[in-house]
Each structure stands twice: as C-alpha cells, then as structure tokens.
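Quick heads-up: structures coming right below.
Each of the next two complexes has chain A plus one other chain: chain B in the first, chain C in the second.
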Partner chain A sequence: MKKTIIIGSGVAGMQTALCLAERGIEPLIIEKESEPGGKLRGWHVLFPSFTPAEEVLGELRHRVREQGIEVMTNAEAVGLTPQSVTLADGRQLTGDAVVLTSGFTLFDARIKEEYGYGIYDNVFTSADIERMMAEGRVTKADGTAPQRIAFLHCVGSRDEKVCQQHCSRVCCITGVKQAMEMKRLFPGAEVFNFYMDIRMFGPGYEEMYREAQQRCNIHFVRGRISEAAPTLDGRVQIKAEDTLTGRPLRMSVDMLVLLVGMRANDDNASLAASAGLKQAPSGFLEPRDLFLRSTESSTEGIFYAGTVTAPKNIGETLAEASATADAVAKFLEK
Partner chain B sequence: MNFYAPFCLPFIVGAAVMFAVVAGKWSVWLWRLPRADKLRIARGLPSAATLRATGEVIGESLLHRRIFRIDPLLGYMHMSLAFGWFLLIAVGWAETIAHLGLRFVPLQGHVFFKYFATGLPHKPFFDLVMDLLLLFVLSGVALAWGKRFCSKALGMRRTTRHVVGDRIALSALWFIFPARLVAESTTCALYGGGGFLTGTLGTWMHDHISVMALMNLETAAWWIYSSALGLFFVAMPFSRYMHIFTEVPLIFLRHYRLQSGEKESSYDRFQVEACSRCGICIDPCQLQSVLGVDDVQSVYFLRDRRYGMLRREVADNCLMCGRCVEKCPVNIDLNTLRLNSRDAMHNVPDERRYDYFRGLDRSQGAGKVGYFAGCMTLLTPRTLTAMERIFTAAGDEVWWADREGGVCCGRPLKLAGETDSARRMMRYNTELFRKHGITTLVTSCPICLKVFREDYDLDGIEVLHHSEYILRLLETRRLTPDRRTTRYTYHDPCELGRGSGIYEAPRTVIEAVGELLEPAATRENAPCCGSSVANTAISDTQQLQIARTVTAELEDTGAEVVVTACPLCKKALGRGTTRPVADLAEIVAESLN
Partner chain C sequence: MATIDFGYTISKPRAIDLDRNNLRKSDEILREMPELQACIGCGSCTAVCTAGSLTTFNFRKVHTLVRRGEYQGAYEEMNKCMLCGKCRLVCPRGINTRGVALLIKRKLGDF
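The block that comes next holds the complex of A and B.
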C-alpha cells in the first residue's frame, strides 16, 4: 500500500487525508501542535452562513478517527523530500509522496504599533473576538459592555509598509460577519467598519454586506485609521479620514478590532529551501502552474493544499484538498 | 636670452584661456554674493581666519591629508600629483633665479627652462632635485593609471564614471609628465646635463640614437609636452580639474563663515566646482552598495547641477544620511546643496493648505518641560507611553505639545524642498512653544530635534533629545533604573549621530540598564536604516532591502534586543528583523522599579 505524508492537520490536511484514504492510499498526518485542527480551532462561526466552525471541524475530526488515519501530534517538520519528512527531533518519516498543508501565519498586529495592539486595553484582533465569542463572553477589558465598536480592515494586508502586498481576501467578509454578531450581542451599540475597499467575492457575501448596512445599521467608512491613542477613561481614540467626504475624522470607541490578515507561513522559507520549492515574493509557495497544475509543487512528488499557496476560505480549501488527493493518486499510479 | 620657440604656442594659448576663464568665473561668483557674505569676507580678510585658511590650503589642496585618512595609497597618489607639481613649479622658479638672478622671465621660460638653458653651466643640485620631483609626480601618474585597472588596491570599490570633457582633460594630464620626461631627456642627450633620471636616460639615448633622430625627437617631444599642457589648461575650467583652483577660495570663504543655505546662492558655485569627482562619496552610499543605484551619488548630483542638467529623479533620490559628507575630502556641504536644489525644484507654497492651523492648539498639561512627540512617535506609541512613565518617575511636570495632534516640525517638508511651507510650520510651533512658557523642550525624534536646533529661533528654551534628557536624569539620580543582564545593540540614527553629533548619550543610557554590544559599522560610519524621510524616490521594497542589510549587522552582535533612538529607524528596523526592536525610552521605562 502506498503511503503519503501530510504536513499539517488543519482542514486542508484532514480533507486530503480522507480523500486519499478513500482511494486506498495510506495517509499519515503530522501536526506540530499538541492537538489537530489547525487555525479553525477556537473559531466561532463561519461566514456567510454563521455555521458553527465546530460543525465542520468536528465532522472532519470524527471521520479521520473513524477511518483510523494516524495523526502524529507535537511533530514539527523541518525538512522534506518527495519521499521523506524530517522532524525537529531528528526522526525521519518515509513515504511515496508528501502533501504540504501547513497553512498560513496570522499577521502580528503589534507590528502596526500605531494601532496600539498590546499597548492599550480594548484594542483586539479579529482572532481575539472570535475566541471571545466561542468562549461566550465578549466584553471590554474592564468586563463591561461596549457602546461603540470600530473594525479596521486590511491590518497586515495590502500594506507595503509591513511588506504584505497581497489581499488576504477573507478579512472583509469576516469584518462584516463580526460586526453583525456584535450588533446582535449589543443591539444598542454603534458599529463602524473602516475600509479601503470592500471585496465581497463569494456567494452570499454581497447580500450579507447589504444586510449589514440596511438591516443592522452598521456604518461603513471608506478610509484607513491612521493612529489610535488611549483616552483618560480607558477608551481608544482613533484618527481617520473619511475619503468619500474628504474630511478628517476622530472618534472615541470602546473597542477597536483589527482585522488581521494572512501572512505566508513563517516555516515556508526553510521548508522551500530544503526541497527546492519555489516561493513567491509574497512568501507563499508557488504551484507548478496556476491553472492546470495548481495543486502540485515545482518538485515532482510534493503537493499543496490550502493556504500554503495563497489566502483561501474554508470552502475553497476543502475543495482544493480533494483535487490535491486526486493529483496525488494519479502520481502514485504511475 | 630669447625665451620663445614655436612649440611654446599651445602652452601659452592654453594658459591664457585657463587664467581668463578662471578669473572670469570667480569674479562673477564673488560679484553675485549677497551683501552680507561680502561683508563677512571684508571682516575676515585682515583676521586670523586668513592664516588658518592658508594652513588648510597647504594641508588639503597640496598635501590632501583627509584622503590619507581614507586610504594612505590614495592619499599619496593625490599628494604626489598636487604637491609634486606645485614643487616642480616652485623649485623650477628657484632654479631660474639661481641661473639668471632676479629678472623677468616669461611664463614659458620657467616651464620649459631645460629647453632654453642648454647653454648655461650645469647646477647638479637643481638637476637632482628636479629629477626627484619629476619622479615623485610620475609615481602618482603611475598610481592613477593603476587605479583605472584596480581601484580596490587604492581603497576604492567603485570609481566615478566620467563625462567626455573629463576624459580629455584626464588623458592630457596623464601625458604631461611622461612627455616632460622624454623631452628633458632628449635635450640632455643632445646637450648633456640632467640628474639621475633625465641625465641617465639622456646618456642612454645619446649612445643608442643618431643625432639627427634625436633632434627630430627633441622637437616632437617638446611639442607633445606643450600640447598636453595646453590641452589640459583649456579643458581645466570646464572639467573636474576646476577643483584645483576652486578649492583654494572655497577654503578661504569657509573660514570667513560663508555657508550654503536652504536657498541657492552664489557661494554654492564655489562648492559645486570644488568637487574633484574623486568618487570617494560613491562607496559609502547604500543606494549604490545595496540597491545598485549608481547615478545619484553626490559626485553625480554636483556634476549634473554644475552643467545645468540636474533632474528631479537625481535630486530626490538621496537618503541624506550624511555618510558621504563624512568622507568628502573637500568637505563640501553636500546635503545642504541638495536641499537647496530641491527647494529650487519643489518650493511651491500653497497658503490654503495651512488653514487648519487656526485654533489647533490641543496641547495638554502645564510645566516648564515641554515634550514634542512628533508624527513618528505618535505612530510608535510604545515610546510615548515609556516617556510618560519616565516623566512621572522623574517627577517632572510636563506640557504635552502634540499628544492629541499638532503640527509637524517642518523638517520632512524642508527635506522635500518645500521650504516656505516648512517655514510656516516652524513659525506656528515656535509661537506655540513660546505661548506655553516652557524652558526645556524634549523630543524623542531626532528629525524634530535637528530642525528645532538648526532652524527654529528658540532662544531661552533648551532643546534636548530624549537620550540627553534621560542621561541628565540618570546623572542627577532622579531616575534610578535597575541594571539587568540583557544584551543590547544600538543603531545610530543618521539625524541624531552624523546630523546632530549625539553619539555618547544613548550609549551611556543603554549601559545604565544593560550590556551594550557595538555592531561592525557604528557612530560616524553607521549605516542608514533606509526609511529616511529625505528620500521620496525609492520604494518600500527597496527601503526594506536596505533595512535588512542593517539588521543583519545588528543581529551579528548577538544582542537580544536592537535599540535605537529614532521612531522612524525603529519602524524601519522592525520590518527587517524578527528580533525585538525598542526605543531607548522603552528599555529605560522597563527597568524602572
């Protein structure tokens, strides 16, 4: 029986493993964290349907268990060839093909120091909000309910100043989704979204954006926030420009939420170097061909699925993982 | 004795053209000087400044001491050509006097004395000295030839790419002294005399070449020598060799306290034409060494400005880090010249842009100590909160000038050439500082610091960089941070180090809270972080490329934390490294108990 090593146990890794197992290929998933699940762990609900993330993740986990697929946790890959993966502890795993599903790295909002994340209370990231929602307790730092909330789009995306030129795609709709959830939790609160472009690329997204404005009365202001500062009463004062009216604007908010983008995985460079894989200037790994061989790497026998090559949403990732399994199976038949 | 031969003609014409053009240029430049500068010259002439300037002319125009500091061999090359040639002329005059007594001898009589003096008795002393000097100059010419092929041997990675005029003058210069050697040797071969060089070569020629051939060779050699001189002299005032004469008045004017300013002035011409295009400014330029941009360096900027072909792309593409200024052997005020070129190109004040100044005062607090964060510190609020902790710990009451928003210090606009707009901001801030009655002004931004000290009229208000302020608090024991074992390295911000001469204060402060490890290039030689507000031409990606080379050196020290004392450097370095980058104020605030 042919064996394939899958690096990463997020949705991409699990879906690839399941599809491979169905074709009679033995998958082995390695995961550097102590638990499988990847970035979706701790996420609350998925756009645009508000489906609980656990519904998707739980189902995948359940099927992986049911199929008896081996998931090796606390195992960090530091090098790979088409037939082997070297772990941080020196162990070498061998197989007939390797699939890289190691995903992305979340942009560290502290780098945009002007927004005060990690400096002022009441500045959060979208990941913090999702975790708070999953835990069922969304409050300001002092435990009280917010009256006014501002979301800032494109933190660490489309920003040359922090060397992230690409669009992370999913943050726009996440901002809309989280704004609507906030409005649901705190109906009396004012919610603002500061954006430079709103990119609603998926099915149902545009409708959701319209609903947010018309039904939920969420305000969308075109203009990036330039800086944030604390006020004496623990709120956050933001300065921005409403570029549609051409006026500078300053307001105090109870919570500032930074919609952090997807960065190329920090491990991409070393993994790419070990296997001679092509890395795009953005840091993401480059498939052999964007159209006809988008799940294959530049090295025969190494495959990609999910956000290791570019920002994607959950649906796209799952679909791509199936396609990757297909490509792996064809490769192993040869 | 008749001091004329037909071959003298090229020399006579060349010398006449050169003296006429140089005298014409200087007269116009001096005439166009503003009245205040003319008064400075009049006051300076009878003072000790003239003596000091004379000393510097000898030290620099002849001996080239500053080039010796860059590379001894390069220094020797320049000295042998300049000082050697000068001595050849001076001793040549002495020789004429020794032979003929004090009488009028036309210029070509001095220069071609060997040719005319064949009938005179030999003076072995002068033969020896003149040959020694000729050898001295020839060794410089040989090095100059060598430098063309291997500039590294003379301490230069890159040399200047020359324009056609320069190449003509350069070629002529290279031929002058070999031609002189051949010409004097053939005369010696025919008439005897000469020292160990021309005499020996002459004897050899006498033994191996027929008299007829020697006579033809003698005429030809003197013609070539005179033509090379003539060609060089004609090209000189229009080529880089104009520096030979222009550096002399420049040194005097500098000693009389003439300065270039934010607007172009006639004095600038002396600076621009005193550039020898030696190219020493090319190697320190990071735009060249990191990005491969090789047509914007000071040497090319001055060349383009001198010939009236300066483009915006060249004027704007400069970090103004001052690394080349440190190395310039002529001490040309490169950054100021570039600034006033930018002013000439970009200064288009728009009054309406500043309507928002009215009623803007959002300053807070009351105290004799004022704190001006500046735009960049407002974008790096960790520094701001650290300063707040330090002020509280020291017990200083603080007037916060711009924490809630204010007007820019003006330096970024000044650096961009929008001088008049910058002045508006400076006036506004000056009035603001005066209105609130502060006696000390602290800023954590070296960009603001430089403009406060150099362009603001803040008599009675002491302007301090926060490194100096913190150091003062430490010295008076008003601040007592714990010294820990953290290993820090320090990046010198351009505007603080080379710009304002502050190197010690931040280092002393760091050593008070931990261990300081110096990177390979430091202090006057420290590199620029790459994000200088003075450069509006390079892209973010290029800025990052520069930052990465800087952080690589800082990481090589093995330090755990990179410290700097400029909010812009902090941002720039932060994106080039994964190590923590902190402002000086942050590490002090963290060490307070």
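The block that comes next holds the complex of A and C.
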C-alpha cells in the first residue's frame, strides 16, 4: 500500500487524507499542535451561511477517526523530501509522496502599533471576537455591552509597511459577517466598518454585504483608520479620512475590531529550502503552474492543498484538497 | 455695443474632462514618481495630516486631481503642507508622499 505524508491537520490536511484513503492510499497526518483541526478550531460560524464551524470540523474529524487515519500530534516538520519528512525531534518518516497543508499564520496585530492592540483594553482582533462568540460571551474589557463598535479591514493585508502586500481575501466578508453578528447581539449598538475596498468574491457574499447595509444598518466608511488612541473613559478614539466626502473623520468607539489577515508561515522558507520548493514574494509557496498544476509543487512528489499557497476560504480549501488527492493518486500510479 | 448684464452667467462644467485635460504635466510627475500610481485612495495620509485637520487641505484629493490633469490651484493647495511627513509613515503602499508634495510644487509652480 502506497503511503502519503500530510503535513498539517487543518481542513486541507484532513480532506486530502480522506480522499486519499478512499482511493486506497494510506495517509499519515502530522500536526505540530497537540490537537488536530488547525485554524478552524475556535472559530464560531462560517460566512456567508452562518454555518457553525464545528459542523464542518466535527464531520471531518469524525470521518478521519472512522477511517482509522493516523494523526500524529506534537510533530513539527522541519524538513522534507518527496519521500520523507524530518520532524523537529529528529525522527524521520518515510512515504511515497508528501502533501504540504501547513496553512497560514494569523497576522500579529501588535505589529500595527498605531492601532493599540495589546496596549488598549478595548482593541480586539477578528480572531478574538470569533473566540468570544464561540464562548458565548462578547463584551468590552470591563464586561459591559458595547454601544458603538468599529471594524477595521485590511490589518496586515495590502500593507507595505508590514511587508504584507497581498490581499487576504476572506477578511472583508469576515468583517461583514462579524458586524452582522454584533448587530444581532447588540441591536441598539452602532456598527461601523472602515474599508479601503470591499472584496466580495464568493457566492452569496455580495448579497450578505447588501443585507448588512440595508437590513442591519451597518455603516460602511471608505477610509483606512490611521491611528487609535485611548479616551479618558477607556474608550478608543479613531481617526480616518472619510474619503467619499474628502474630510477627516474622528469618532470614539467602545470596541475596535481589527480584521487581521493571513500571512505566510515563517517556516515556509526553511521547508522550501529543504525540498527545493518555490516561494512567492508574499512568502506563500508557489505551485508548479497556477492553472494546470496548481496542486503540485515545483518538486515532483510534493503537493499542496489549502492556504499554504495563498489565502483561501474553507470551501475553496476543501475543493482544492480533493483535487490534490487526485493529483497524488495519479502520481503514485505512475 | 456694450453687452447688457442681465445678472445671469453660465456655470463652468464641473466634470473632469479627460478629452480636454492635458496630462503632460501629470505624466511628467508620474514618470518621476511612478509609485504614486499605486495609491489606492485609502485616505490614511489625509487622516493623519496635521494641516488637513485645521484647513481644507486634502492631500489625497489634490494629488488625485493632479493625476487627472486638474492642475488649477494645486500648487497653492500643496503650499498648505507643512512637510511633517506623517503621511509617509502611514501610507500602506509605501509612497513617499512628502516627496510627492514637493514634486507637485516643483512641477506646477506656474499653474
């Protein structure tokens, strides 16, 4: 039986493993964290349908268990070749092909110091909000309900100052989704979204955006917040240009939510170097061909699925993982 | 025969007329600082602008108008800039905005 090592147990890794197992190829998933599931763990609901993330993740986990697919946790890959993966503890795993599904790293909002994340109590990231929603308790730092909430798009995306020039794609729709959820939790609150461009690329996204505007009364202001400062009463004052009126704008909010982007993993560089993989200027790994060989790496026998190559949403990741399994199977038949 | 002034005037069209505007100066400016073309109009520069919070100066608007060939008054507007450089610190596209202000003043001094 041919064996494939899959690096990363997020949705991409699990879906690839399941599709390979169906074809009679033995998958082995390795995961650096102590629990499988990847970034979707701790996520509350998915756009644009408000489907609980656990519905997707739980199903995948269940099927992985059912199929008896081995998931090796606390195992960090530090090097790879098409036939082997070297772990941080020195162990070497061997197989017939390797699939890299190691995903992305969430942008650290503290780097954008001007927004005060980690400095002011009422500045949050989209990941914080999602976690709070999953825990069923969204409040300001002092435990009270917010009256006015601002979301800022493109934090750590499209920003040369933090070396992240790419668009993370999913934050726009996440911003719309979370704004709607906030409005649902706090119907009396005012919600403002500050954006540079709104990119609603997926099915149902534009409709959701329209619903947010029209039905939920969420205010969309076209301008990037330039800085945040604390007020005497513990709120956050923000400044932006309202570019559509051409005037500077300032306002105080109870909560400032930073929609953090996806950036490439730091270890992409060392993994790429160990296996002769091509890395894009963004830091993400580059497939052999963007159109006809988008699931293959530049090295024969090493494949990609999910956000290791670029920011993607869950649906795209799942679809790509199936395509990757197909490419792996064809490769192993040879 | 002297024209009788009935008190009516014809308003000049407000539209930016790209058939008539001469983009030569604009092209010159962009050739010297092509990075200005990367502007996505996020308004960060104007949001932090020291002059903009006190006067009608709007850096984003002025340089966008210049790029469209609307040079009238651009030099005078740019004179409001104090060259503090805060805009350059925040620009997500890494544009040397302070340099743009100086360049526009240099190129459009005679408009």
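We take it that the second predicted complex is superposed on the first by the 334 of 334 C-alpha atoms of A that agree within 3 Å, B and C clash if a C-alpha of one lies under 4 Å from a C-alpha of the other, contacts with A are read in each partner's own complex, and residues count from 1 in each chain.
Here is the rule we go by: a residue touches a chain if its C-beta (ideal position, glycine included) is under 8 Å from a C-beta of that chain, and two chains touch if they have at least 3 such contacts.
All figures in this text were calculated on a predicted structure; none of them were measured in a lab.
**Q** Classify the contacts of A:135 with the two partner chains as first (chain B alone), second (chain C alone), both, or neither.
**A** Neither partner.
**Q** Determine, under the contact definition given at the top, whether A:66 touches first (chain B), second (chain C), both, or neither.
**A** A:66: touches no partner chain.
**Q** Have a look at where A:289 lands relative to chain B and chain C in the superposition and call it first, second, both or neither.
**A** A:289 sits against neither chain B nor chain C.
**Q** With both complexes superposed on chain A, which partner does A:227 reach: first (chain B), second (chain C), both or neither?
**A** both
**Q** Under the stated touch criterion, which partner chain does A:160 make contact with: chain B (first), chain C (second), both, or neither?
**A** In the superposed model, A:160 contacts both chain B and chain C.
**Q** In the superposed arrangement, which partner chain does A:113 touch: chain B (first), chain C (second), both, or neither?
**A** First partner only, chain B.
**Q** Does chain A have more residues touched by chain B or by chain C?
**A** Greater contact footprint in residues on chain A: C.
**Q** Classify the contacts of A:243 with the two partner chains as first (chain B alone), second (chain C alone), both, or neither.
**A** second
**Q** Overlap the chain B and chain C contact sets on chain A and report the shared residues.
**A** 114, 160-161, 227, 239
**Q** Mind listing the chain A positions that touch chain B in their complex?
**A** Contact set of chain A toward chain B: 111, 113-114, 116, 119-120, 160-163, 227-229, 239, 250.
**Q** Quick one: which bits of chain C touch chain A in the complex? Just the residue numbers, please.
**A** Of all residues in chain C, those touching chain A are 40-49, 52-53, 58, 60-61, 90-94.
**Q** Could you pull out which chain A residues touch chain C in their complex?
**A** 114, 154, 158-161, 196-197, 222-227, 239-243, 246-249
**Q** Residue numbers of chain B touching chain A in their complex, please.
**A** 378-382, 385, 403-405, 539-541, 544, 571, 574-575
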